[in-house]
């Protein structure tokens, strides 16, 4: 999702330096450091339990870190109470004030900061129109639908015009179609507000559509951070490669012989001499990674893989074929036009340029 | 079949709780000879001079007034203090938080009779004997343990993220408590309030030795003044008890839904 | 929240009015409260500059004792004059709570009062209380039933039992009981049992040798008589739970032939509004065992001055006023409680209003106080436990119970031995 | 790493002050006095520090031992009945039916009536002649009449009945709250499997209200050990000392006989028994009652 870069605004960037957190003996965050530029939409992506929510709560001040610092703009905030950090936090289950109307929910923070009534009314109604919840202002949260409640939670953050927006998986409670719509709305919203946003999710589709920068976390450590395309097309380690991409990348173990030829467990060979060169010692273990969409059908003569279709997921737009190539399980993403029947034998090949190579879990660049 | 059994249970419970009390209330409308007539007279002859005597001669109304003042002040202050403590114990991860809760529970186990003497000396030292603040301070101490327990368990069940949203929106802990937590905790506060109120309304021994000015004496002491050295005016005591219990019954009738809802910790779904 | 704290502030600053010298009088709400307030008003009129502040406790002796001792044990200066039960003088004197009144209360003045209460108010040759009114145990009976069955009022307990048994047999009223009295485990039980034991020529304790005499055969005989002849025979077992009000109720409902109670019962039993036997009631001194003299336990209340009072002179003026002949007469006339001054028993006006005082006078003169010792209350608890255990269980081991009760009493009395008062 | 200070002390100080001054000080005073021997009416005996002698006397004092067994019997009988009755009442009150609001208020009457009044009431009801207890049971056949407060065996039972009447409502309230906390969907789920009322109770209701049951049991045990007003008004420990509960015996020693030291020792004994029982309950029935550690 391309958005034009915003000129230097007043919205400060976020700096996290060597942040660590241990709880009951367990190391949850291990000296993380990263930056979020002004107005940038940064996504923290990772499986549940990887510490991404804890990190977000530490930035918000709802939890204290065991070490490291957090700064918004130039000021260090890790010693400040949440209310002094000028951040907004959109909770997973919205955390709306059940005893207040939507209008009061939206205007609550302004009231606390002593903003005059007239201005509160103006800003609240403006945001309400923007989020199409203008005619729910005097309802109570219980009377709203899930989507509406989610928008009120969002509105509550927007009204404040905070230095930093924090999102804790705000879409996870919505149904699929509503979730895709809200993704687009969030992205459009970011485009208009140009505020710095830190967004936590385990849903990679959200990460890819929303994130201008994605930080992949696992077990409290940053696996990789970069633009969505970068993360998808040049995963720096096995974890990122496996985690990003649906369905998951195929992995094939293999051993490099003296002449740059890779012998894989399925008996398939790859001539990598020209690409690997001297960068991998002979006889070392390598892992080959092939994205399902990179596998294409070909004539049996120059087929690199041949297998029978064990299971076919037909999604209409295309279909995922689960193949058994003599014990090696592969998944290929083939166009829906030529449907594959169960048990059918097909031949596949891959453009060597698009193959990913990993040695001891680290990526080896082919070019 | 289940319907009948259930209806039977309802009637049984109603009878078990109400009949003994109704028998005593009926004594308030019986003449002196009817009250302890042998064999007992089941239906009273409905005359009202016991009520007149209880109110006019024994000054029942000012005992009730004193009890209302003492019980209300105790409830308001006790719940205010207990809410603060309960909130802190539920929200801040204090290493000694659990110890403090257990200490409070232990304190409530100590027989009040035994600490009546030292409390009397304390109030005497403070010059608070025969004063509202004296008896109220003692009652707050007596009721705090179970008030804090109820409120701490209740706050702990309240969904935390609503409060965190308030902190983010700019509340201090105090503002978060006042503007967001207390409105949501109303049922819990109510339950603790009713229990504290009833405890203060019923307490006898402390009031006996602390409040000796007629102008300050509360209801249980007032009713203990009804009997003569050898005479037991059942009629007047029954009348006084009926009048004294009505406000409480009315109170509980109005708020009974809130009470039960409060006790079921975590009843508020975020 | 703000409202809560503002309410608390108002309460804490409740102003208390300071008037002239305050005389603090701790009493209980008597049946005739109006009379007392009027008397106090008269005292204040006669003593300008003195304001009597009344503090009130329940009339039950145990609860009033808890309240008064709380002030005295803590040397509370906010206490000048208070009512004292007839069994407390020794305790309050030894504990240093009651002020000796000899300097205010000359012997000549003491002679005006009945000897029995005066004896109770002395401890170690000094006077600690001025009697206000007296009580003594008496036998009430149904004159009509006795006449109907041709009986003269019984002189001895066995005679009473025989009469009760024959009346019960003939009346055949399922609710009727022969004898109603106070056998609940409380102070009243001691008053009742003392009348049986002393009525059999025995005693509860030996004052000179400071030891219990509950094990004497005559004492145990009396207890066995109560267990077998009264509780086990002519009385309903409910008597073991009766205090004055329950026992009197049986009599006023016409369901008791004989009834032991204090003088107040005469007024109640003869009041048609409260009693179904008004006019059919006789009263006489309690019976005794054959060959012995009738004994009545002494009761009643006195006025005492706290040793920690800052104004004993004014306190004495108040006590003197409250126990003056004129005040005593007013109290006797309005409350019907037997006065403590002997002369009033020959006062025409009083006798016209309460003729029974004439026949009861002898009982009051000869009434016997309970053991006068600083450890009376501990002894009382031991005796209550003994008597109740002895008469409440049909085949109780009276000898064994008496032995352990005597042992416990002696152990308490032992504490007095090493510190003989001068 | 500096962190902002949660205003913990602002929240806890009021309760600490009140509890410290008006609870801890008196209780320590009682503990201290329990190591002294004094008889207020014999001041020349002075106030001697006698260490554990009061407690030694307590163990060897036959009246104290019998009052301990009376108290133990009272607690052992009343608490289970009150909790069971409370459970029954709570189950009924949890169902929705027309008069539910009224029944809930009516159920609270016994709890709202002052204890001194309730004791007088039951003394009035249990009177063997003009009380309604005998009349309802036996009508005019006085030969069958009981004298509940006069028979050593029945007296304690009468006090138990009065206590059960007075406090079952409290237990019912706590258990009812536990019942209301059970999410409704659980019952719907098990209905689908066609569970009987008993199975529903056994497998869903009971396990989930265990904390509430424990709380009710705990508070009732603590209060039952401290029973005083009922004994004071109804029987004064009689007849034949059969209702002389520990708390009443302590009161008699401290207030009537002026033996403050010994009376305080009895109070401490009541406290320790109560503490022991509570710890036993919490150990046996699970610590669900205590605060769960807040997850990260």
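The first chain written gets the first letter, and so on, giving A, B, C and D; residue counts start at 1 in each chain.
Keep in mind that, in the parts below, a contact is a pair of C-beta atoms (placed from the backbone, for glycine too) under 8 Å apart; a residue touches a chain by one contact, two chains touch by 3 or more.
Treat the numbers as computed from the prediction; the structure is a model and nothing was measured.
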item	value
Greatest separation from chain A - chain, by CA centre	C
Dominant interface by contact count, named by its two chains	B-D
Whole-Å gap separating chain C and chain D, where each centre is the average of the chain's CA atoms	35
Mean-CA-position distance for chain D and chain A (Å)	58
Distance from the mean Cα position of chain C to that of chain A, given in whole angstrom	91
Chain A and chain B: spacing of chain centres that average the CA atoms, whole Å	56
Chain D, residues touching no fewer than two other chains	127, 129-130, 140, 255
Sites on chain C at which at least two other chains make contact	66, 175, 246, 249-250, 253, 255
Sequence positions of chain B contacting 2 or more other chains	36-39, 80, 117, 172, 224
For the chain B and chain A complex, residues of the former touching the latter	159, 161-162, 164-172, 175, 179-180, 183-184, 268, 270
In the complex, chain B residues that touch chain C	31-33, 36-39, 57-58, 69, 73, 76-77, 80, 117, 120-121, 124, 129-133, 136, 178, 208-209, 212-214, 217, 221, 224-225, 227-232
Contact set on chain D toward chain C in their complex	39-45, 63, 126-130, 140-143, 145, 147-152, 155, 235-241, 244, 252, 255-259
Of all residues in chain D, those that touch chain B in their complex	6-8, 10-12, 14-15, 18-19, 21-27, 29-30, 88-89, 92-93, 95, 97, 99, 101-117, 120-122, 124-125, 127, 129-132, 135, 140, 165, 168-169, 173-174, 176-181, 197, 218-219, 222, 225-226, 228-229, 247, 250-251, 254-255, 260, 263-264, 266-268, 270-271, 274-275, 278, 290-292, 294
Contact set on chain C toward chain B in their complex	1, 4-5, 7-8, 11-12, 14, 16, 26, 28-31, 33, 53-61, 63, 66-67, 70, 74, 76, 78, 175, 243-246, 248-250, 252-253, 255, 261-262, 264-265, 268, 273-276
